[in-house]
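Before we start, here is the structure in question, set down as structure tokens.
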Amino acid sequence: MARIGIFIDTLKGTLPSSFRERIRTTLRDVPEVVFSVEEDEFTSETFERMLKLLEHEGVERVVIVGGSPKLYETTFQKLGFPLPFNPYLFTVANIREQALWSSIDEREASEKAKNAVLKAIRIASSLRPIESQTLPLKPEVLILGGGISGISIALTLARAGIYVFLVERERTLGGKVTELWKFYNQELEAKGWLEQKILELRQNPRISLLAPARLKYLRGHMGRFQATILTDKGEETTISPSAIVVATGYRVERKRGGIYDHKRMVTLSEMEKLLSETNPPFPFFEGKRVETVTYLLDDTNEDIKLDSINALKQSLLLQGSLKCQVAILCKEFKVSSDRMERLYRKARELGVLFFKYEEAPRFSLVNGQIQVEVKDTSILRKEDQWSVSILSDLVVLCETFLPHQETMELSALLRLHLGKRGFFMEDNPQLLRVRSNRRGIFIAGGCRFPQEISETLFEANAVAQEVLALLSKGAYTYDLSVAEVDPKKCALCYTCPRVCPHSAIEVEKYAEKNVYLTHHVPENTKWGAAKVDPASCFGCGICVGECPARAITLRHYPDEFIYIQMGLDG
Amino acid sequence: MVDFDPKIIAFCCDQSGYPSADMAGSLRLNIPKNVEMVRVPCAGRVEALYLLKALEKGADGVVLFACYEENCQYLRGNLRARGRLSYIHRLMEKIGLEKERIEICYLATNSGVKLVETLQRKTEELKRLGPNPCSEGK
Amino acid sequence: MIKAEQKPMEEILRSIDPYKKILLSGCGACVTVCHAGGEKEVLLLASALRMARKKIGKPLEILEATPSRQCEPEYAQELSELSEKVEAILSLACGVGVQTLVRFFPKMPVLPGVNTTFLGETLSHGIWEERCQACGNCILEKTGGICPISRCAKQLLNGPCGGSSKGKCEIKKEADCAWQLIYDRLSSLGQLYKLEEIIPAKRWGIESRDSGLRRIIREDLKI
Amino acid sequence: MKAGSNLEKILSKGLFAVTGELGPPKGNDVSVVKRKADLLRGYVDAVNVTDNQTAIVRMSSIATSSLLIQMGIEPVMQMTTRDRNRIAIQSDIFGATALGIKNMLCLTGDHHTFGNQVDSKNVHDLDSIQLIDCVRTMRDQGTLLGGEERIEGKIEIFIGAAENPFADPFEFRVVRLAKKVRAGVDFIQTQCIYDMKRFKEWMKMVRDRGLHEKVHILAGVTPLKSGGMARYMAKNVSGIIIPEEIIDRIVKAKKPAEEGIKLCVEQIQELKEIEGVHGVHIMAIEWEQMVSQITEMAGLLPRPKGE
């Protein structure tokens, strides 16, 4: 029989004494309970007292009776775990939120509390310690994609002492930035800036550049990835990085057919090129001066800020020093990026025209120029809305942003999730934007979501910090509060690898034995069964519920706990 | 209508159901007394078997509190739970048990009111349906 | 592998109606993989059956077991101790497993709990499709590796019938026309000439499905 | 002469042949056969007798064919591999030839789940090409399929088969025809033709392989009764293509049935001009009374005598 110690948290005296008394009466009849004491709150002094008491009584299971378990879990995280033994040997009876506060009267509350306390004791009796493990992490990172994300992450990591393998599919580095003329929010030419970065990259001894090359296989999990890189010469190199950053970028597709094929229909990036080659005072197109330029935004990428930023940047120059008349047609102009509101005002002051459309604008050829007809809906009253027609020398179109062709293949190779549009999906759009669904694999840049360069750089920095946070300790320590497959029962049905949201399970025909499972089995024992990588498992238990052979248990949350809570034990 | 106190087993996802129950307490809302709260790390941890066992071993109804779609911390736990429930619903139909005895309810972390309303409504519904005729004890 | 589907509950209930205590045995091989008769399904069905019988006032006691494979004598015999305590066995194994139990428990009624549906492959999780009918003389070499015996509704050996339309079969509109697949495959392999050859009438009667009980004997392996 | 049937004689003389179709009764009412026979007599060279078409149970094609002979009409007995294994097939051929049946159409048959006995077990011991080969063996070698077993008597059959140029994969359809020719087929009746462009394309492929010189091709036509029928067939019957303009023409017509007949006649006239088409097969299903009018309008009357 387990020996259990009970600490009743009076929550600074807010639990009524009559209520507490009833609980103590209940506890008196439970043989497992060695002692029950009251504490007003949990501070470091309380911890010291608790420690002494536990040692003195020789108790190794603790039930805290009081508020929500979430309360204690956060306190303990902050103050450190107060008990002298394994942190998994304590449990909480929530008698405040889910009893005292949510009942009609104190009698009902006491009933609920009694039930909660007795369940907690039963759970405590069957608690088992859960060990933790440490996975050494070498300071080695693989970055896929030599665009600006990949380059800047590589530089940050290398400066912090991490060895980086940078794999780029193309012959040239820089990705989409090679098509960029300048930054929108600082006076900086992109070309020179990029060259500087690439130079720095090539000179850094900690960065190994593999280009042109691509990832051929990936095996293993965080800390023990085995990546096979294939160069265009057909050579294979296998490296074993601790973490991986995917920064493979996106591709664009321009609208084709009919008038869209006309030479006066250019894309934003073609315009960017034209401007970078233009010497003031005037831009020329095929030898003739360009006087009117019309931008069409939001017809393909409605939720992406990049087009608004580039159009604004270009129009400031065109309307300003190059003396053109610029019109921007959009559904909504996105000014949420750094300094964009100010630049927008400046553009209006310079005389850039903005039109808001709902119906797609119509294009026609008039005397070699392109006539744009658009119904302006920026005026609220419908009757005041009129159609505008603009004769333009150039119409600038935005390109559709699409996932790179290799994204699909890469997602299968890396076992990463794709979002609805086929870009890589972040693990949590609010909190964990740069983490993929797999521990140890991060996503950065346009392969997740196309963004403007300064935002991309910002995000690249975030990725680098995350990687550094992971690798700087040299090891990753984790509790074995994870799913575990019983190889004897496993039917090799592949259900769990398919349902695992974090791709933490693989069927390993000849895997090393789960080291946390059995110490007495000689190392390098081979078997065929599904295997959970404990460092990659998040402990959600989805696989447990799915396994047709019931071969999987969640070590920190076995069936038993659930049956006890359901009131079905014994 | 039979006058009895229906027993409900409520599986609470640790990201939505459980904090919502705490929230309900903080708001001093009354959680019906015959409810067994079962804290699970994710709705995806709730096996189909638990749902049936609950009914077999004495519950009159079961509520599965999961996160809203696309809101699961583990990406698809709520969807897997929904799938399992639909399987159990089919089985219940064959057994001759009312499907309404088990339902899934989607919550956010702070849906205390919705949780309590659901449990109260379920209690009323179960009172109308009467005691679970398949449970062992009865 | 063998694919199976659980029988309708009504049918199972009818078949076990006379008994008060049964053994519900799953199988840890094929039927586990297709989620029809593994341990999970055994426990679920047992619980459902107990409730169904409780409801009609005829409680049923069920022992549960899931041997690794019911079609091997040694595994099947693992059930002998449990079988002594019951009136009948309900087996969630395929038809083979059921009959292995029949062989070892001569006095015990053994009832099938699943319909053994086909030999198939997993298309994606939760979707299985027929691929082989165990005809006993494989012609995949002639048909680009796609089996018209199992995948053509008329088992045609010399090309599609007139109901092949836009790649689909007229009998089951969601199914691909096997001969369209064969055509496409041979076309991509550059082996369309294989289609010019007339495949003669199949020998169904000798060493095939209709030859009577088939048996494989390996003299070298016999003990 | 392989069988010496009227149809064979007409085709071998290089005349343009016309065949019709007759669905046996869903019972043993001989008067139904007689009524339909009267509508066809004199307008066609031979009449196809369907074999439980669309898997609906009907009077057997052997018995109906035999009745037609008594009524003075030459039958083309259809036989599907759906309902018979090779034992029954060969036995039925013995019987059929003994009863004087001289033309036979070898088919796979519509799937049994389309009919009124959906729970039956289909046979498909042979497919249509293997069936052709079987009949040819019986006729030319005087033995049973695959055996040395001699047949008592002499099997004389003019062997036909069906082909559908409108099913997929299109490029394979002509390969399949070539296989049928190699298996020993004497004449082919096609699925009903509405998409003339595709049919001509197919015929070109047939001619490219020289198949039109080895087999008589009878082009299939079916008069459309109404716009509804046209739409239904286009949408629901796999392997039939009806171009939009034809549906349109029938739908918009004041008298759709008359328009349907007119269209059918135009089609026959167009088909006659195609090199390699040796006849037409008019499938006026449950509309046998129109065959006289169609053949008349198409200038196919009077029918020549094979003798």
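Just a few scattered comments:
Labels A, B, C and D are assigned to the chains in the order they are written; within every chain, residues are numbered from 1.
The definition used in the following text is that a contact is a pair of C-beta atoms (placed from the backbone, for glycine too) under 8 Å apart; a residue touches a chain by one contact, two chains touch by 3 or more.
On a predicted model such as this, the values are computed, not experimentally measured, just so you know.
A count of C-beta contacts for the chain pairs B-C and A-B puts A-B on top. Separating the CA-averaged centres of chain A and chain D is a span of 66 Å. Chain B and chain C have Cα centroids lying 36 Å from one another.
Chain A and chain B have Cα centroids lying 31 Å from one another. Remark: chain B and chain D have CA centroids separated by 64 Å (rounded to whole angstrom). Residues of chain D in contact with at least two other chains: none.
Residue positions of chain C with contacts to 2 or more other chains are 40, 43.
Taken residue by residue, chain A touches two or more other chains at 499, whereas all remaining positions touch fewer. Here the touching chains pair up as A-B, A-C, B-C, C-D. Every residue of chain C that touches chain A in the complex is listed here, in rising order: 28-29, 32-33, 35, 38-41, 43, 66, 122, 125.
By the touch rule above, chain C contacts chain D in their complex via residues 153-168, 170-171, 177, 179-180, 183-184, 192, 195-196, 198, 200-202, 204.
Interface residues of chain C facing chain B in the complex, by the touch rule stated above, are 8-10, 40, 43-44, 47-48, 50-52, 54-55. Put simply, chain D touches chain C in their complex at residues 82, 86, 108-111, 113-114, 122, 124-130, 133-134, 145-146, 162-164, 166-169, 171-172, 175-176, 178-179, 182-183, 191, 238-239.
The touching residues of chain B, counted against chain A in their complex, run 9, 18-19, 21-26, 28-31, 33, 36-42, 44-48, 50, 53-54, 57-59, 73-77, 80-81, 84, 116.
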